[in-house]
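One chain, chain A, appears in both complexes that follow, with chain B as partner in the first and chain C in the second.
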Partner chain A sequence: MTVPTAEGSTRYAGARINRVEDARLLSGRGTFVDDVSLPGMLHACFVRSPLPRATIRSIDTKAALAMPGVHAVFTAADLNPDVNEQWHTSVGPEGPETPRPPLAEGEVRFVGDAVALVVAESRYLAEDAVDLVEVDYDPLPAVVDYTTAEQAATLVHESHGSNLIGQMSGLPASALQEVFDSAAHVVGETIYQQAYVPVPMEGRALAVDYSAPTGELTIYSATQAPHEVRLFCSRLLGVPEQKVRVIARDTGGGFGQKIMVQRDEMCIMLAARKVPGPLKWIEDRRENLIAAGQSRHEHAAVKMAFDAEGTIQAAQIDFVSDCGAYPTPWPVSTSSVVGALFPGPYRVPRASFTTKTMYTNTVGRTAYRGPWQFETLAREMLLDIAARQMGIDPMELRRRNLLRRDELPYTNANGMPFDHISPMETFEQALDMLDYPAFRKEQAEARAAGRYLGVGISNYVEPSSPGFGYYATEAATIRVEPSGKVNVYIAGGSTGNSIETTVVQLAADALGVDIEDVATIQGDTAVTGFGAGAAGSRSASMTAGAIRETAAILRERIKAIAAHKLEAAPEDIELGNSRASVRGTPTIGMSLGELARAAYFDPYSLPPGVPAGLEASARYTADTRFVWVNATHLCTCEVDVATGAVKLLRFIVSEDCGPMINPNVVEGQIAGGVVQGIGGVLYEHLAYDEDGNPITTTFMDYLLPTATEVPVIEYGHIETPSPGPGGYKGVGEGGAIGAPPAVVNAVADALAPFGVTVTRLPLGPTQIHALIAGNRG
Partner chain B sequence: MGETTVNVTVNGRSCEAVVEARLTLADFLRETCHLTGTHLGCEHGVCGACTVLVDGAAVRSCLMFAVQAGGTEVTTIEGIAAPDGELSTVQAAFRDCHGLQCGYCTPGFIVSVTAFLEDNPSPTDQEIREALSGNLCRCTGYQGILNAVHQVTGAARGEEPA
Partner chain C sequence: MKPAPFEYHAPTTIADAAGLLADLGDGAKVLAGGQSLIPMLALRLAVFDHLVDVGRIAELHGIERRGDALWVGAGTTEAAVGASVEVASSVPLLAKATPFVGHFQIRNRGTLGGSIAHADPAAEYPAVALALDASMDVVSSRGSRTIAARDFFDGLWSTSMETDELLAGVSFPIWGGRCGFAVEEFARRYGDFALAGVAVAIELDGDDRVRRSALGLIGMGSTPERAVTTEAQLAGQPVTEVDAEEVGRSAVAGLEAVPSDLHGSADYRRQLGAAMVARAWRTASAEARHG
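Let's turn to the complex of A and B:
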């Protein structure tokens, strides 16, 4: 399962290597936060608001405190004054921010808002005690609908002075007025997406072990970014960073939800210093669905101008998103990405955008896999609507406008500098894999027989591995241990995305050692250098860079020692199969174990200038600010017009993520994202009633796709190397970006005979029924 | 709170403890027996992460009380591999087919699939999908999991793994 190289040594990158994570996870030996149990451990449970907005008149904790086994009941007065500083590194200390009291202070702002924290000897007792805490609320009118929040008399945060958190814009719409006025066709719609959420199978989780004598904290965290948890905690409590150690061994999914520390985690960090034992908080499913965050809830008025041949002349988007009461982090800059990327991988000479982010009395917005994916959803839905209105085949319309390789680099109308992408190639590959003409024929025959088949496509280009701010660098330490075995220390933050396997593959290649000789230590801030964690589809490119830099130092040193011992020139030393040997005479060589023994235990035998030991640390700075990735998603479906049920028939993804480090991992990331996207269109809806009560608080109401609903996903691959390390690109988020519009367009295509225009998600049976009925009506 | 002595044979070893009547089998396994491989994803019987075998039948341990398991033989994920660590056929197929990412749902899937294939060693694709529909996975999109089950059933029929 390896790829042989020209010199005959083994190469692991590119091969379907089995994962090093699997042995423990398959046999129940993983270590998730809830699996950590320490002597004297105490358990935390939150008292949460049942009202979307209310004044807290009083909190009576007496009965709860009187319960045997209960150690403490904290309210805002106990915890909030201890906050030293609270800000996320990506936003910075000066960033405009939402006030973020750990426990609700004076006013609750959404159903699920944490009002008090109970600490008891067991989770069972803590839950019992929660029921005994009496909170007297004075209900207040709530802002539930973000589409009218700007005009609402009620303010979610009085101190902000408005429910509009912030806005961003590109070129003003007036600048495009002339283009739209004179265009042969103008197509415009307002497109709405419902709230749906990451739903990691493990909820949020934190265990904090505080040692009063030393002032040290050891934190076990379900996180995508262990170093950010450490930094945040040190600022929050005002303790030096090195006194906080964050350990994240196994984390049960994150998908964006576990990047940033939120208010609930702040409470646990603050409370841990006030109780006599390590404090553990394990979020249950209901809490995860009401308090961990919302995403995707947004809409936009979108418009495109075309000439008579269907060539795009201009594109405009006016975007508004629901950010709930406590968005984490500040949501305004992400919203601008929606605007900037709306033109997508197409030739769009003119573009304009505006974005607005709104506070409401619902759970705060957090990141979710491709947080800006609305740009793809809205654009690809609009292109299909446009094609239908203009009487052009939707694939042909795209073909006329997609960027071609010979046009690259191409800076889009909003300044996005696209390069090293292949939108036309992934598009044609996906259509070939489907046999598009054959499908249209099948569709026509099915229609004649009263069955409704549809096909939908979407193309996108996304920025991975951002080379900005604290995302722009990653460190690695590599130790060739005295035995010759290799350990790679890297920040990590894998929540399922196989970073351990990736690191082992890349390090084995970089040092020319057998993969069995390499191990990796990740997710422990005590021994790894700072890294921003698993976010922004950055892990592949950034860890590849960190390993490249660090391994280069060690290779040089290993070669120098080997050359000295073997009486050859360093340039003539080759590394492979855990050996250093003389080029052309492979029998003359030494194993890495022998070299390491000399390096550690016989330092005076080393050549002059070569330090003892075989350890190196180095830090990579992103070679490039943008690593662009593109893909085409193509989906076919059948809609049962009697029941409104959608059955997906085929799902094809053609992706250009550059060379693949491990095709299993790439396909796994795509599949996971695609099924989350399918869920978002057909099944999932984090719904509130009009009074602001969450109504999907269990898996009975919040419906996730299961094995019976998912199609077989077929993968096509185009390989355009990025300018970054190894030519690799990020692939973690794209599946969730590309899938939704492909599914929507397929359903809309199936329903085309009914003359329906789909502009609202989700597309459950009820909505599909209403669409058909509405147009028959 | 009523407390009872309960004795359960877990992975071949007898586990006796005095427990509260309300203690779930899942918490008994995780906290009393220190077998943390059984995970909780919903605590109300929907996600299947907590699946264990009770007298050979797949059961959601979040829905059963420890006292109800008294006198039974329970197999958890820790009891599926051979004592020397060698993975079972089902576990090995999940590894080969990238049937897990974060691994949080995995113990439930492995146990459910093990029980299912015991009952039905040659299922159709549709039967496999239905058998898995009581287990939720948020990472894999089920692709690797379905392939893994097909690998096991294909091998049972003497087919080459794909």
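Let's turn to the complex of A and C:
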């Protein structure tokens, strides 16, 4: 389906185009790292610490090395000295980073910490050899509970001198003291979120093919940012960047976990030059659940002041997060976003925040889809608690405080400059889709019959498409090939965000060609210009900018050639359906193929000043620092009070991501995030016991929601253009930000007759049952 | 998550399988559908030098009436059990339990014998076997014997079979008369092992009195459990006067080893178990009364 344009040609942006990725992915023909098989390939497996903290007394590799088929067993002494430089581009060389020895040196700091690396002819043999590596540990007391880590006598990193990684703050709380003291209502709670994680379908994965004669490395990587892998590798090994080529064809999801190079990947890069064949490491599920990273483990004391009518006067958050032993990247700046965004899409005249990030002897924190998500969770939970305490309907309380369009631009109390958003519109649209009054009636009837229904809402505003640092630009190369077919080169990387489809749609529109004539090449650093990858919900806006800039050059050139050939003025040439024709006389025209043939094979026939060929590269620099996005999530549920089971009934999302490039893609992104958010509230918990042992190391215990646990997701769309290219906004992360509080609030609403206040996640049946029992007395 | 090396054997007769188990000793393990064993091998929670795959042994497959019992070959897949008209009419409790066993993909490979031999306390078939007083046909090169269900499950994932013994089949007594059957369980997600559950069978006399009942508890101990005290109290009671909630409370009252973990405290599981028993009792007694 396409949308006809005024010019009579089709416009693909806005249409529900089927994804170009689907044919290969749905038929099982994607190319993930494990699908790459090279002659002589060797396989890596890590020896991982079974203890949360211990001194490594000795490592005996003899028996493992003696095993037939084993090529090497590396320890820290073999790999760590080869580290040249070790920093992520977004943090910079001077960043106050956590020290990251590739293999544990002297001390292990979490269960799963890599101690040695076995390289063998197959993963089977490598795992057999891992069992033969003898590590003598001297157990040490561990810091497990981040909430007491600051006072703990034990230090996770002795060299840091404290378990407090860093802290940030906005206005001091004292500045708000007066407002809180004089407010009609003050509502405060401490809200806790458990650890849960991205769980990509494909774990982390790397295959490194090192060529000794040339010193070149070709790296196949499961990554959201191929160029960052390349840069990082060149710094790590001290080899020129041109000698490193990173190829990321299909990546089975990343959700933040695959933005940065972590210690395990460093080991593979370092080891690859020391073994006689290409080296592959495929992280298995257990490793992914113990060693790939944690996220979401945090709490905050939150407080809001209201006047007698429920108008918000001030908001305050004191936030603390668990960052494990080796957070990647440095977690302090993200934590400040939690503070800065806590007021959300509401009129909050005064705000203050503090944030603390803590080291513990657990797996390091990594980014997860909306890494600052806690601000929305805590705010929206608090608003519902406040509404109940003040006796105001929770929807009405929000309506009184949500930002209206006529108030924009609006700079929030922490300096966040909101604009081009529509919080009131998405809010009202979602409530209309539900028919809120009808639901309240149904709920009352159900309660009378002993059934407990609930409704929960959440509103958020999030920054997408960051326009600073290395995120601020994106390049495109477009080649109209001699046949007239179009190839678009974008840094990209296909991690499930449909960026190939997006690129093909946008390029077809920008050049006026049929979508079947456009292909895209992504995820190969050898042929694409630097790009920061899939992060910060940036791909749509940044890619659209890159295509716009590059296509503009080609359009002008195509028009010039066509005008020359057709003896018309360039202004009178229009492009459409893979043709250039004279405005008003569409029969007079040339196909893009004919024009390309001339451009490449008959250069002397081109108009003066027009270069031969039809290829161009350009780089877009972000027009704005942030592209703000907002949405409303609305959820209804039924709680079985005998079992504590929650059944979600409806899930409605009204999202404003600007004009949609492809509603299928937008809704797919929202759906994925919503499912992760539902999982985070009701099912998923990356749990440790009190001694620091991970206890959810397989899918038997780490429970993901499946098709049977997720209701049909209903979508509403408001399309407020951003000032960026095409007016587009980012939609990658929002689903995972908005969904959790909507689910929590729905459950809390269902349990309202029991006088329950929900402040702790997750909400598994056992917790819900305990909440009810606790309040029944 | 790759298993340690093992040698693979695929006998085609019970005698050959028994011979292999006798010869190979403790280092050998029977492989049936692999739905429980293979994950344990892949996680290296278990390591065996030899796997004896019983999937090619025709004698282990089948469902047939043998006197007052229905015999199900150990190698019969859970899917075949679920699809069998004979099972549905003769041992409805087994049929009703089957949809709760994992997902259909698992039931397509997993076997009834594998489930019972694996003896997971949260599995449905062991609880059904215990509730119905099923008997297990066990074969080794030393001969065959029959083990009553109450003597079979002797610990967590443990049975009274010797390592050289093979489970050949299970005979489920057929309940006639005015009977009702129900399975109720609660799992975190569809297809997960139950946090608590029950398989209930009731037979009424002509006056609506409980002639006999059987309550096989799922996931409530280190083995499947039978609520024998409750059953004894119920015998002879007019079914219309039985308080289902009370049956639930009574059934879980004496349990001593209710598991406790991240997914549910023992206290929670106990209350859940009581709720499941009450629900199943209501359904089964209604079925017994009204057919």
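In this text, the second predicted complex is superposed on the first by the 777 of 777 C-alpha atoms of A that agree within 3 Å, B and C clash if a C-alpha of one lies under 4 Å from a C-alpha of the other, contacts with A are read in each partner's own complex, and residues count from 1 in each chain.
Methods note: a residue touches a chain if its C-beta (ideal position, glycine included) is under 8 Å from a C-beta of that chain, and two chains touch if they have at least 3 such contacts.
Since the structure is predicted, the reported quantities are computational estimates derived from the model, not experimental observations.
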First, second, both or neither for A:708, with chain B first and chain C second: both
Touched partner set for A:255, first chain B, second chain C, both or neither: first
Which superposed partner A:656 touches (first chain B, second chain C, both, neither): neither
Contacts of A:674 with chain B and chain C, given as first, second, both or neither: first
Touching partner for A:124 - first (chain B), second (chain C), both, neither: both
First (chain B), second (chain C), both or neither touched by A:765: second
Which superposed partner A:78 touches (first chain B, second chain C, both, neither): neither
Chain B versus chain C as contact partner of A:32, first or second or both or neither: first
More chain A residues in contact - chain B or chain C: B
First (chain B), second (chain C), both or neither touched by A:685: second
Contact residues common to both interfaces of chain A (with chain B and with chain C): 124, 284-285, 698, 705-706, 708
Interface residues, chain A side, partner chain B - complex: 18-19, 21-30, 32, 34-35, 37, 124, 198-202, 250-253, 255, 284-285, 495-498, 664-665, 667-668, 671-676, 698-700, 704-708, 710, 712-713, 735
Of all residues in chain B, those that touch chain A in their complex: 20, 22-23, 30-31, 34-44, 46-47, 49, 76-78, 80-81, 85, 87, 91, 94-96, 98, 100-107, 110, 128-130, 132-146
Footprint of chain C on chain A - complex, ascending: 123-124, 127-128, 131, 284-286, 642-645, 683, 685, 687, 695-696, 698, 701, 703, 705-706, 708-709, 764-766, 769-770
Complex contacts: residues of chain C adjacent to chain A: 1-5, 39, 43-44, 186, 188-192, 195, 261-265, 268, 271-272, 275
